[in-house]
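Listed after this line are the structures, all set down as structure tokens.
Below, subunit A partners subunit B and then partners subunit C, in two separate complexes.
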Partner chain A sequence: MFYLGVDVGSLSCDAVLVDEQGQMVDWAVIPTGARNVESIAKVQRQILAKSGIPLQQVGATIATGYGRDRVEGRLASVTEITCHGRGIQAALAGTEVLVDIGGQDSKAMLLDGKGRVLDFAMNDKCAAGTGRFLEAMARTLEIELAQLGHLDKDAHGDLTLSSMCTVFAESEVVSLIAEGAAVPEIVRGLHRAIANRTRTLIKRVAPNLSGLAVAMSGGVARNPGVVRTLGQVLDCEISVPKEPDTIGALGAALIARDRSVKR
Partner chain B sequence: MNQEITKLAGFTCAYTPLPLLAAAGFTPYRILPVGQAPDQAGSILHDNMCPHVKRVLDRALDDDLPGLDALVVINSCDAMRRLADAWPKARPAEPVMLLDLPYSADERAVNFLRQELLALAEKLAAGSGRLPSQEELHQSIATYNRLARLFDRLDARAAAGTLTGGRAGLQRWHQRSVTEPIDKILAELETFAADNDHPDKAAAGAPILLFGNVLAETEAFDLFEEAGARIVAEDLCTGSRQLTVLPENPAEDPYLILARGLLNRPPCARTIHAEPTGDLAEQVMRRAQETGARGVVAHVLKFCDPYLARLPAVHERLRKEGMPLLVLEGDCTMRSLGQQRTRIEAFVEMLQGEES
Partner chain C sequence: MMLPYFENLIQGIEERLATDKSGIVARKRLTLETARLGKRLYSGEERITWSGLVAPYDLLAAMGIVPCFVEFIGGMLASMGSIDPMLEQADQMGYATDCCTYHRAVTGAVHQGLLPEPDFLIATSAVCSGGMAVIEGLARHFDKDLFVIHVPHEKNERAVAYLADQFRALTDFVTEHTGEALDPDRLRMAVDNTNRARAAMIETYRWARQVPSPARSRDLINFGIVMALFLGTEGGAEVAEAYRDEFARKAGENIAGVPGEQLRLLWLQNRIQFKNPLVEMLEQEYQTAVVAEELNDIAWDPIDPEDPYPGFARRALSFSLVGSTAHRAQSIQRLAKDYQVDGAINPCHWGCRQGTGARGLMGEALRGAGVPTLNLEVDCVDPRNFAEGQLRTRLQAFVEMLLDHKAAAGGP
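Let's look at the complex of A and B:
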């Protein structure tokens, strides 16, 4: 039997299948778009086709993410906070502090090193510093989102952005372009702004990071510039799992397996 | 109790002396920060102002209120004071009566509040034509005590998860108890309280203590219970702190009883003693332990400095004891609380030790 986790996020809809032993069998990520019910069905079809596993062999599904209650036939809905905690334990065992920056919210979690959440802080009231924020900035700078994370590697300036509101930051970036600021320097400023904001969130759950194993998940963890800058700001090493945007779905799949085994 | 109550006295703070209002011939009517009135208060007050006060003013500006014969405002914080200033612009025909509230409960403070209550009685009498006798005030205190005792009993049943309708149902009664005539609500609540216990859907939930200032919407309590929480104790301005049992002694001055009773009731962040600074933290921790809560939820309105200033100390104190704390900042709309759903569910999952 196999177990499915579906993470319906604001930007992407992710699915992970695990086997009886909790090993990841396959994963799929598609854009959520405006009609999440269709995206949910599509990602489920896609992962089953990709893995070659028939639906009848899926023992249980756990849904997570902001659209979790839209997943038909789920065993239960579990919040993304719990799922990311569980998922990171499987991907990077021993993680004690996890920061998850997704499409439109960010979360910091203090974990017990075994995947159980001890405390968390969440910012979901504005898109500052999230995937959607970076998307908007990449669009303004007329570069691909994937490029953004590498562009600032050789930048050394101390350019800062005073606003983290997506709308105001976009205006600020436009002004910087008009003033002739180099794109890598602007990108560095963006990453520093995100890192500083994320540090505040992390410090709410872990005021002292000394000796703690810190990891990052969520789509923004694919941006090496943000990860590097956050590590500098926090003065610690930040581990990133192989497929950071599937950690929530992985946790959900593992919870589906755990609950089915317990029953 | 006066059988000819026809006048309405609006109020907005749990420190309002309800027995006095009723004895003076008014039905107390709490202007709860609920409903769908559009945001308009910003045209009179600053946008970064207490959302409770702004919602109350929104309702006034939207005519989402019955006509009031008086508005009694407790000078309990700057925002309430501003509400008293703004009211004549929204409802010019309604007289505003401001009552100063000391923060301590020593004899000087009690005597000061007694004078304030006497002055309020005079102002109310000017509107209703009736200055309550001492006997009438004693009787009114006794009536409100009956209501407060009923709520204490129902609160215990809600804590055990056996009250029909759960916390959301109890909150509905809290709302009605401050917006409808006391005799009517007392009769109905007595009938309801006589009903036998029934296991409620929340009975198996994770036990939490909910404290803070204003959380009036019944839907908010549904949200907690649907997330798997059982509120074993609640300490809110719009809930259990609205009514407290006062001493009954016909030989004593009822104004003194009222003043002393109000100042000795469970305090809010505005009235809690400033020293020692961690007092609120101790109070919350003690309550959580006494009630068997496994976690604490603080629901605090944006810009409410008396609470927000004390939260770091509460967090630190609870952390030392290994008691999880979830802080929710509200703005008196369900729109804002809906956004908190993931936090509440994640907190409950955390308390239940979800999936290691």
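Let's look at the complex of A and C:
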């Protein structure tokens, strides 16, 4: 038997299949788009086709992410917090502090090193500093999102963005371009702004990071510039799992397996 | 608009109470008493005052005054689903949108002619300076006299004497405005009613502490804070006794407020006043009950009917939001222990300096007592700021975490 985890995020819809031993068999990630029910069906079809496993061999499905309650046939819905905690334990055993930055929210979790959540904090009121924010900034800078993470590698300035509201930050970036600021320096400023905001969130759950194993998941963890800058402002090493945007779905799949075994 | 609303509400509840067969009537009795207060405020036939939260309502009742604290209006308009125009009015007048919405609502309401004219006003320097500013604004708007009570930060006998003297001066102020002296017999009777209500509320809370608790999460929403308005009245004592009897019966028959109770929560400061599905979601999906509420707490002794002023002062000073954050921290630690809660929710009402300013300290105090705390950022009054999905995720993640801890510790 196999177990499926589906993470319906605001930007991407992710699916992970695990076997009875809890080993990842396959994963799939597609854009969520405007119609998440269709995306959910599509990602489920895609992972089954990719892995060659028939639906009848899927013992249980756990759904997570903001669209979790739209997943039909699920055993249960479980929040992203719990799923990321469980997933990172499988991907990077011993993680004690996890930061997850997704499409519209960011979260910091203190874990017991075995995947159990001890405390957590989430961004409030707005989505500044998340995947949506980076998308908007890349658009303003007229560059591809994937380029953002590498552009600031050789930048050394201390250009700061005073606002972390996505709309205002966009205006600020436009002004900086008009003033002739170099794009790598602007990107460095953006990454520092995100890193500083994320540091606040992390410090709420783990005021002292000394000796703790810190990891990052979510789509924004694919941006090496953000990971590097966050490591600098926290003065610690940040580990990133191989497929960081599938950690929530992996955790969901493992919870599906755990609950099925218990039943 | 308001008087017919309260009259219809009274009629509706009285009809439901007359035909009730469930025996679960305490909450309806509280709503009925609240509606009766609303009717009295808007009838135009009685002397009324707008006041701060820790005014001595039983003293005012004994002097024939119908009192109401200004935050009540915000909560009431929110629960009626009619608050948007009042908030827009306040916004148009230039109030910043991150000011407390309880206060913006009352400011908007008065400028829309929805607040009855008081005979005089009573401001209290605690629990918040925003509320005091609103009452000052109302006094100017209505061109009525304002009596200001300075509530000391400290809790000692000097503070009690200082506050008791101000309550005596308030008695003179009221007499000057009504032309009627305080009748000692009426005061004694009011204090007796207060003590009756107090005893019944304490007994109610004793039952609520039972595991599983007979309390449903919505049974005790705003209970203590609204009951403060009825102190000194026969109606208030009867409502408290209805709660006591209902909880005693349910506890005696082992009827849980939330069947299969798995988790027990303490709610700090304000509840969300407008209609929302969050608490029901916790009950139905996670068998999680809010069994304790900070603002319901009673930490004051019975009041001496022969010399009530020091008792009124001690009561005001005992309120958890009056005085130092250390006092508040001790209060919520005691509640967490007494009610055997698994976790606490701190909504941190937007624009509330007490709520948001003390957030870290309260979290630390509860963590020190082994009680995980979820900090939310909620506007408890303005539904336009309500992000249900985000709050739902935070609450669900919190209870998942608590259930996981409980399971790891060998819990249910």
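Keep this in mind: the second predicted complex is superposed on the first by the 262 of 263 C-alpha atoms of A that agree within 3 Å, B and C clash if a C-alpha of one lies under 4 Å from a C-alpha of the other, contacts with A are read in each partner's own complex, and residues count from 1 in each chain.
Heads up, the rule we're going with is that contacts are C-beta pairs under 8 Å (C-beta built on N, C-alpha and C of every residue); 3 or more make two chains touch, one makes a residue touch a chain.
This structure is a prediction, so every number in the text was calculated from the model and none was measured.
When both complexes are superposed on subunit A, subunit B and subunit C end up clashing with one another. Once the two complexes are overlaid on the shared chain, A:Y66 sits against subunit B and subunit C alike. By the touch criterion defined above, A:F133 reaches neither subunit B nor subunit C. Residue contacts after overlaying the shared chain place A:W27 against neither subunit B nor subunit C. When the two structures are aligned on the shared chain, A:E80 is found in touch with subunit B and with subunit C. Contact with subunit B, but none with subunit C, is seen for A:L254 once the two complexes are overlaid on the shared chain. Which of subunit B and subunit C touches more residues of subunit A is settled by the count: it is B.
Once the two complexes are laid over each other on the shared chain, residue contacts for A:F120 go to subunit B and to subunit C alike.
In the three-chain superposition model, subunit A touches both subunit B and subunit C at residues 66, 78-82, 116-120, 122, 124-125.
Listed in rising order, the residues of subunit A touching subunit B in the complex are 66, 78-82, 86, 89, 112, 114-120, 122, 124-125, 251, 254-255, 258-259. Of all the residues in subunit A, the ones that touch subunit C in their complex are 66, 78-82, 105, 116-122, 124-125. Those residues of subunit B that touch subunit A in the shared complex are 324, 339, 342-343, 345-346, 349-350, 353-356.
In the complex of the two chains, the subunit C residues touching subunit A come out as 372, 375, 377, 389-390, 393-394, 396-397, 400-401, 404-405, 408.
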